[in-house]
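Paired with chain B in one complex and with chain C in the other, chain A is shared by the two complexes that follow.
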Partner chain A sequence: MAITDRAEAPVAASTLQVLAPDGAVVPGARYPFELSDADHVGMLTAMTVTRRLDGEFVNLQRQGQLALYPSCLGQEAAQVGITSATRDNDWLFPQYRELGAFVVRGVDPAGIGHMWRGMAHGGTGLIEKCCAPITIPIGTHAPHAVGYALGAKFDGVDTVAVTFIGDGATSEGDVHEALNMAAVFQVPCIFVVQNNHWAISVPLSAQTRVTDIASKAAGYGMAGVRCDGNDVLACRVVMRDALLRAREGRGPTLIEAVTYRMGAHTTADDPTRYRSEGELELWRRRDPIDRYRSHLVAAGIWTAQHEERATETGERAAKRLRDEVFDAPMPDPLSVFDHVLSRRSGELERQRRQLARETGRDAT
Partner chain B sequence: MVEAINAGLADAMADDDHVLVFGEDVGRLGGVFRVTDGLQARFGQRRCFDTPLAEAGIVGLAIGLSMRGYRPVPELQFDGFSYPALDQVISHLAKYRNRSQGAMPMRVTVRIPSFGGIGSPEHHCESPETYFAHTAGVRVVSPSNPADAYSMLRESIAGDDPVIFLEPKRRYWSRQDLALPVTTEPSDRARVARPGSDVTVVAYGAMVRVALDAAEVAERDGGVSLEVVDLRCLAPLDLDAVLDSVRRTGRCIVVHEAPRTLGLGAEIAAVVQERAFHSLEAPVLRVTGFDTPYPPATLEGVWLPGVDRLLDAVEQVLEP
Partner chain C sequence: MRRDFALPDVGEGLEEATVVDWLVAEGDEVTLNQPVCLIETAKAEVELPSPYAGQVTALMCSRGDTLRVGETLMSFELSEPRAATAAPVEAGDERQPLLVGYGVEKDAPAAPRARAWRRASARGDGDAVTPEAGIRSDSSEGFPARPLAAPPVRRLAKDLGVDLSSVSGSGPDGHVLREDVRAAASPSNPGPGAPYPGPSAAGPAGTPRPGSVVEVRGTRLKVAQKMVASRSTIPEATCAVWVDFSSLLALQDAVRASLEDPAVSSTITPFSIVVRLAVLALWANPILNSSYDEPAGLIRVHPGIDLGIATNTAKGLLVPVLRQAQERTTLELAGEISRLTQAAREGGLAPDELRGSTFTISNFGSLGLDDGIPVINYPEAAILGVGAIRERPVVVDGLLVARSTAKLVCSFDHRVCDGAEAGRFLRMLQQLIEEPERALFRV
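Our next item is the complex of A and B:
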C-alpha cells in the first residue's frame, strides 16, 4: 500500500485557491477585496506570532517544562484564515492543535501553557474568548458545537458555532452524529476539518476512501467546500461564505482545509518511523507564511516595519508564555476538590481533609 | 513489561493464525507505546493492521471477527478513549454469548494501556475498571509485572471469553529477567505477592508495586508485616486468596487509584465482612484516589495513593 500518495499529490483542481504557492493571485480566483490593508496585516501578524509561539511551546517541552505539546507548524493559514473571519461572539470548539485560532482570539498563551504543563485541564482563559476548552478525546466535541448552535437558533441570537476537527476525527462516530444532526436541525454550525494528512501515524488514505473529505457533506445534505489550507485567503473566503450561510439560516457547512502537519504529532512522537523526508520537503515549499508574505510584499501592503513589529509581538508572546510556565509552582493540591460539583458532599469534604493532612495544609 | 506483552502477542500470533492485532497506530508505528512493534513487519498487514480512528468501530469489528472464528486482540489507545467503545462492550461484547444461547462466544481480548502516574494530559490516566467490572459477561484483568503480563495475555487470547486487559502504563518500563514463554498462575486467581502476618493489603496493577514498597518500609521501620495480595483478576473477582489471608491477619486494606466510591474496594470490603466478619480485628479500609476527576499532571503525585497514604491506613488498622 502506497500510503503517502495523497499527501504528495498536487492540490486538486476542485480545491479553492486564491494564492499560488509563490504568492501570485491564481487567475480567476475569488479574491477577498473586502479586506482592508489592516485586515491583511493583522492576519499575517497572527500567523507570524503563532509560529513563534508554537516554537516556544516546543522549546519549553524539550526543556522539561511541559508534559507534551502538539505543534501546529504549517497549519497557521487554516487556523488564522478561518478564525479571523469569525466575530468575537462566534463560539469556537477546538480540538488541541489550534494555537492559531487562540492567537487570533487574543487568548493569553499562558493559559494554553497551563494545559500542557499539567496545571489546569482544558487550558485557562478560553471561555472568556468564546472558546470551548481544548478537547483531547477525538471528535467528541463536535456534537457540542451542534448543541450550542441549536441553542443559539432557538434564542434567535446571531452566533455561529465553529468546530475544528482533524482528518482522523472524521472517522469517529460522534462526528457522524454531529454532522447529521447539524444538517437535520439546520443550525448555524461550521465544521472545519483541518486535513493535515496524518492522524498520528495513520495517513489519510488509511482513514477514508474518499480523496475529498468535503464531499462527505453531500451524504448529510449540507454544503461542503474544500480549500487550500495553506492559503490564508482561500480559507478566509470559504469561511466568509459559510458564516454568511449560517447567519442567514441556510444551515451548516463542512469545510475541508487541505494542509499539512509539518511537525511531529506531538513532542512524544517520532514521525521518521512512518513518513518520508521527501513528503515534508514538498510541503515546506508550500509554506503558508512565505506564500502570504510574498503576496502582501508584492502588493505593497507588508513592509519591513510590519515584519519587525510582528516579530516583536511574537517575542513578547513567547516571553509571556515562558515567564508564566517556566518552573511554575505546583497548583494547590486541595484545588482538586474544587469544581467537582456545585457543592461538596460530606464524603468529599472528608477526602479533602485527608489530603490536607497528607500535604500539611489547612483544610478551611 | 512492554517487551513481555509484545512477545505475548507475537507468540500468540505465531501459534494461531486466527489471532489478529489491530487498532489505532498499532501497525506501522508499532503502537504509541511500541507494544505492537514489529508485529506488522513479521506477520503482515492482514494479521496486524491500523484502523481508522473509531473506538466503537474497533470493538464492533472485533465482535464480528470473533463470530467468524478469529481471535481478535484490538488495542484501544488509552483508557480515556475506551469510553466511545463502552456501548459495544456493554451491549454486545459482554452479552453475545448469552443472547445467542451460548452459540457465539466472544474470543476477544481488548488491550487498554491504563491508569495514571506517567505525567500525561487528561484522558490518558483514567481508571475505567469499575465500568467494565460492573458489566456481567466480560473478564477484567490487570497484570502487575512482566511475567504476568505475558502469561495472562496468552491465556486471555487463547480463552473463550471476552477479556478487558488493562495494562498499567506506569509499569510498562519495569524490567524482570524472564525466560519466555512463561506461565504464571491462572489469570482468574489472585496471588500472594508478599507473605506477611499483620495486615492484608489487596492491590492490582501499578498499585502492587506501591504495596510492596510500603511492605518493605513497614517491616524495616515498624516491624509490621504486610501481606500483599495481587488481585490480577478484577472480574469475576476471586477472593479466596484474600479471605484466606484476612482470616490469618484479621486486618484488610484495599488499594486502588480509581476513585473511592463504588470502586473495587467497596466490593471487596463488602465480601470480606460477609465472609470473614468474625476474623476481623479492625474495619476494612480503602486507600484510593479521590472522588474527583483525575487531576492535572502536576498534582497526580499528591492525588495518587502512595506509600505514605497506605502506611497511614496500616497504622489506623493496627490501633488498639
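Our next item is the complex of A and C:
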C-alpha cells in the first residue's frame, strides 16, 4: 500500500474532540456510533470506579499503609478511553499512574495495593490481564513494548502493544529509541502520551520546545494524533484508529492525550508550591467524568440506577483494596523463590535452603 | 477494640511531622476516612484521614507538637471489630476480579506461555501439552533452552509448521538455518514438522459440518478485519443503475473475431471490457480513486489507479491488484485480469500483488447474482459491483423488449464525496457500456 504508507505520517494539526466540556457533541465530531449503550455504561462505570479507588489508595497512604501512591485523578478519561478500545490480548505496558487502565482490564486492586505497600508479592495479578508490571523508572518500559510488538510481528500473532508514557518521558533517551525502532520496523505498537502538563514540578514548557507532542511523530515517520484526553470518546476514537493501523501492519502511532493531573505527582509531593489554584480550577471545569456523565444523561443512556451501581462497585473495589492491604503481613520470605523463575536451578535451591536455615524455617 | 494510629510517613523517607490542627476532639465518633488531623512535613501540609470507624479515645499531642514517624498520634475504640487481617495472598491464587464491564476471564492468554502452548497444540497432537514440552531444557542451568535460530528463520519455521526444537541445526553452535527448516518441512519428512493441519471441523470440500467450530485465521481473518474496518469507519452510501449490455456484447464478439490467438481472445470477456471502461470513467472522476486520511484531515487523491479485482477463491475472498490500470490497453488489462484471477485461485500470487489497491471492482455477477451491495475495500473511497448479465424485459421506444442487462452498484465513502460525484461516475460508465464507441473520445 505504497500510497497510503506515505500518508501515514501526517503532523497532527488539531486536537480531536468529540465532547465539549459541557458534554455536548462538538459539531462535525467523529462520534463513535459503533459503541452500544452497554459500552458507554461500562466506560463511565470504569471511570467512576477508578476515581473512587484512586481516592482510597491516597487515603491508605495517608494512614501509613502504603509507601507511596501516584494519583490518576483527572486522567480517568484518557486511561479508560484508550484501554477500553483494546482487545483483552493486547498488551499494556504501563508507567505507574494507569489505575484506570487496570480497572478496565479487571485487575485485582489488591496486587496493586501490595505493590505500593512494598510487599514481596506486590504487582501480582497484572500479567494474567496482559498488563506488564508497573514501572517506576521513567520511560524504560517503552522499549519493552516495542520488543514485545516486534516479537509478535515475527510470530505473526494478532496482538498490539500499548505503552503509556507521560509528557516528561518524551525527554528520555529510552523513549526516543523506542519510537524510532517502532517506526523503522513498523511494529504494532501504540505510544500513548498522557500529557498532564507537569513532570513532578517541571511544566511542559520547560520540558520541550514544541507545544504539540504528537508532532514529534513526524520526525520518526509514524502517525501522530492529538486528542482531548479529558474526552473519553475522543480517546476511544483515536485509539480505535491506531489499533486498526497496527493490526493492518501499517505501523505504530503516537497518541497525545491532552489531560491534567488534578492531584499531586505522588503522595510525597505538594503541587501548591509550583502551580496556581486558578490553573487547577480551569481543569476542574473540564472534569472528564462530569463531562461524560452530562453527555450520557442527556442521551438517556445513564440513569440514577447506573450511578448508584457504579458507586456501589467503586465502594466494593475500595473495600477489597482496604481489606487486602491494611496491616497486611509480609508473605513468607521463602515464597520469593516461587514466583520469579518457572523452575528452580541448583543455585537458587541452594540459596533457598540457606535463607530457610537463617530464618529458622523448614526448607521443604 | 482499641486501635492506635501511628504517625505515617506521608512523603518518601520523612522522619517527623508537626501537628498543625486537630479536626476532631476526644470522644468524637468518626467514620472511616474522615479527616482527623492536619500535619505539616518538610515537604507539604497534609490532611490525614481516619484509618478506622469508631470513637476517638485519645489525642496524644497538642497543636504545634512535632512527632517522629511511627509514634502514636491518636487512639480509637472501634465501633465494630475489624475482621482478621487478610492472609497473605499467594500469587496464582484465584482472585475475585473487579466487577466492571470489561476485562478478561480467568484464563486470559498470557503471552509467551500461551503462545508456546498454542505452538505446541498447533502441531496437532491431541495429548495435553505443557508449555515446557517440546522445548529442550538444559538442566544444569535450570533455564529452558530455546533452539538457536535467527528471527527470520523462526518465522519461516512457524509458517511451514516446523517445530524448531525437533530440528537439528547445521549452523555454528547448532544454529538452525533456513535449509534445516526447509528440509524438515519437505514432504519426505513428515512427523512433527508436518504443516499446520486445517481446522479438523472442515469437511472434505472445506465446508464446515453442522455444529462444528472453525478457527478464524488466514484469509478468513483478514477478510473479517477488513470488513470490520470498512463498516466501522466508513459511512458509506450506495447507488446503482441498470445498464443495457447489448452493444457491449456485440463489441465483444467483434473484438474476439478479430483476434487470431485464442489465448488472447478468450480473455476478452464482458467483464474485462467493463473494467477497461470503468478505468476510463474513474480517470475522469478521480475523487472516487482516493482515501480519506482521518488523522491528517485530508482526502488523498491517488496519482494512479491500482485496481483491485475482488476474486472468489477456495481460501476465500482475495483482491489481486492491477497496477496503474489507466496506462494499460484493453488487451493488456484483459490479459492481466485473466492472469491475476487465475493465479489468485491457484494461490500463486506474491504478497505485493495482493495489497495496495486504490479502487476495487467486484464481479459478483460471476456468482450468478443480480444485485448486491459491495463493502468498500478499506481504506479506499469506493467500490464497483457488477451484477449478472441476463436477458430482461426493458422498455425501448415505448415497446417492451428483451435486452441483455446488468446492474452496476457503487458504494462510496460519503465523507469523501456525495451522491452527485458517485452518480456522475456511474452514469458515465453506463453511457460508455451502452455506447462503447464513446470510449474513443476518451482515449
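Throughout what follows, the second predicted complex is superposed on the first by the 316 of 364 C-alpha atoms of A that agree within 3 Å, B and C clash if a C-alpha of one lies under 4 Å from a C-alpha of the other, contacts with A are read in each partner's own complex, and residues count from 1 in each chain.
The rule is short, and it goes like this: contacts are C-beta pairs under 8 Å (C-beta built on N, C-alpha and C of every residue); 3 or more make two chains touch, one makes a residue touch a chain.
Source: prediction; values computed, not measured.
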| item | value |
| --- | --- |
| Chain B versus chain C as contact partner of A:359, first or second or both or neither | first |
| First, second, both or neither for A:248, with chain B first and chain C second | second |
| First, second, both or neither for A:24, with chain B first and chain C second | neither |
| Contacts of A:68 with chain B and chain C, given as first, second, both or neither | both |
| Partner chain in contact with A:110 - chain B first, chain C second, else both or neither | second |
| First (chain B), second (chain C), both or neither touched by A:343 | second |
| First, second, both or neither for A:299, with chain B first and chain C second | neither |
| Partner with the higher number of touched chain A residues, chain C or chain B | C |
| Contacts of A:158 with chain B and chain C, given as first, second, both or neither | second |
| A:49 touches, of chain B and chain C: first, second, both or neither? | second |
| On chain A, positions contacted by chain B and by chain C | 1, 3, 67-68, 119, 121, 268-269, 273, 330-331, 335, 345, 347-348 |
| Residues of chain C that touch chain A when the two form their complex | 5-12, 33, 43-51, 83, 85-86, 88-92, 95-104, 106, 108-111, 115, 132, 140-144, 151-152, 154-155, 158-159, 221, 225, 229, 232-233, 291, 293-298, 300, 302-303, 306, 355-356, 358, 379 |
| Residue ranges of chain B touching chain A (in the complex, touch as defined) | 24-25, 27-30, 32, 45, 50, 52-57, 80-81, 83-84, 119-124, 260-261, 290-293, 295-300, 302-303, 308-309, 312 |
| Contacting residues of chain A [partner chain C, same complex] | 1-4, 7, 10-14, 30, 34, 38, 41-42, 45-46, 49, 56, 59, 61-65, 67-68, 83-84, 88-89, 91, 103-111, 114, 119, 121, 124-125, 127-130, 148, 154-159, 223-225, 240-241, 244, 247-248, 264, 266-270, 272-273, 313, 316-317, 320, 323-324, 326-332, 335, 338-339, 341-348 |
| Touch list for chain A against partner chain B, complex | 1, 3, 67-68, 115-122, 136-140, 168-169, 171-174, 199-202, 206-208, 268-269, 273-274, 330-331, 333, 335-337, 340, 345, 347-348, 351-352, 355, 358-359 |
